[in-house]
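Note that the chains take the letters A, B, C and D in the order they are written out, and that residue 1 is the start of every chain.
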């Protein structure tokens, strides 16, 4: 699946992720943009932890779908996330995901999240997805 | 802070967590209820990962606040979560948090999430909070 | 398998873990003792991270074996560990493991490590084991 | 500190890590080689989890030391590791570490471990180090 097909799939099958934008999906990697809205902010102007978790989660999910096609029932089994810096105010978040393993039943990947236009990572995450049998 | 004071604090200072209910806050522990709504569900009827992440995050935050008082700017620095079972349909989620360390600058705790009325854990999480200097 | 059978199994099939002592193995739980030796210490008198990691790893492994019998090829797929306090000098370490999920292909559990005779946890860990098909 | 100084420091101040070889230490990154010996192997010919944990731990430690100089008492506070593939028999392990954050009190980094000569990652890890005040 390419970026356009992935964006359609998120909109139709995964409405909670409809505000994420798949910018790129290549071999074993994906780049996702989160246009940050007021709803995502916490006191102090930072983006909430659950929002960043959701962004990392979708980024790996999209990287898996790009490789194996639409599998709505793949589920996250484990995630570890480090929050390292406050995002820059008024900037979108960009998640770069890479798959490190794509097995028959498990996929493992990691994600770096940055504020758009900045090099310093805001958060990093690693996630494991369970892929249902066909 | 007791459960009533914590519920007031969440409503006024942390509106994104206003739908969580602090049921109990004792020495180094807290119990939080999430009345599951349609917005929290994913395809297949499961509660979304970000929602469970948010529940675990708030549960540790509340356990910290119960010990040290209202500190709006405590932030999560690390979280690890395992999703183990599908929650039961139509049941609230209950998070039981315990603090394992409450230092001057870092707090560490873990959380078990269950469907109300069930013993089998749906998810477990461990989190580290950074406590700002006074 | 009970504690005696598990100790024999570690000695014969898992010689790197021969210095661990299984003290108890009950339904979905296990308690393991590490008699701390000079080799396990780091500068400052603390027990090394890899040694504590190994203790947590064996504790979950033993809890799994106690339930399903000797499966030498079960492997750890994920571990997350928090180091919270310096162990007390000259004391053994005690790991208490509990299984939170024992599925057909994956087992998930967590572990608290304490210095013998102390309540304050030195470390906590959560681990996922992959169980090979029969 | 450059690679030669780091190797000397490991030998004198950190004898448990004396068998690791620092191959490179640049800005915010380090590459460490583990010459795999019989002691590091588990049943089935795989390298033990604690050995790979120790390799990841030293790789981040070295990357921190390369930036801030010899600080023997920096300690790991959190680690998350995914074991993804069996290492290749008879090959050294190579760990590539990168620092993602180097703050005043905390450093965060991640590590990829591969068998020498192979691209497929054997394990990934992310670690947090606490840096003692001067």
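Here, a residue touches a chain if its C-beta (ideal position, glycine included) is under 8 Å from a C-beta of that chain, and two chains touch if they have at least 3 such contacts.
As the structure is a computational prediction, the values presented were derived from the model and not from experiment.
**Student:** So which chain is farthest from subunit A, going by the mean of the CA atoms in each chain?
**Tutor:** C
**Student:** Count the residue numbers both subunit B and subunit C use at their shared interface, divide by all numbers used there, and answer same if that is over half, different if under half.
**Tutor:** Over half of the interface numbering overlaps between copies: same.
**Student:** Between chain pairs A-D and A-B, which one is joined by a greater number of C-beta pairs in contact?
**Tutor:** Between A-B and A-D, contacts are more numerous in A-B.
**Student:** So how far apart, in whole Å, are subunit B and subunit D when each is placed at the average of its C-alpha atoms?
**Tutor:** Each chain's C-alpha centroid was found; their separation is 33 Å.
**Student:** Based only on mean CA positions, could you tell me how far subunit A sits from subunit D in angstrom?
**Tutor:** It comes to 27 Å between the two C-alpha centres.
**Student:** Could you give the separation in Å between the centres of subunit A and subunit B, each centre being the mean of its C-alpha atoms?
**Tutor:** The mean C-alpha positions of subunit A and subunit B differ by 22 Å.
**Student:** Using the touch definition from the top, which residues of subunit B touch two or more other chains?
**Tutor:** Subunit B, residues with two or more chain partners: 77-78, 80, 82, 84, 128.
**Student:** Given the complex with subunit C, which residues does subunit A contribute to the contact?
**Tutor:** 77-78, 80, 105-106, 128
**Student:** Show which residues of subunit A lie in contact with subunit D when the two form their complex.
**Tutor:** Answer in residue numbers: 80, 82, 84-85, 100-101, 108, 110, 112, 121, 124, 126, 128.
**Student:** Can you name the residues of subunit B that touch subunit A in the complex?
**Tutor:** Touching subunit A: residues 13-14, 16, 39, 42-44, 46, 48-51, 53-54, 57, 72-73, 75-84 of subunit B.
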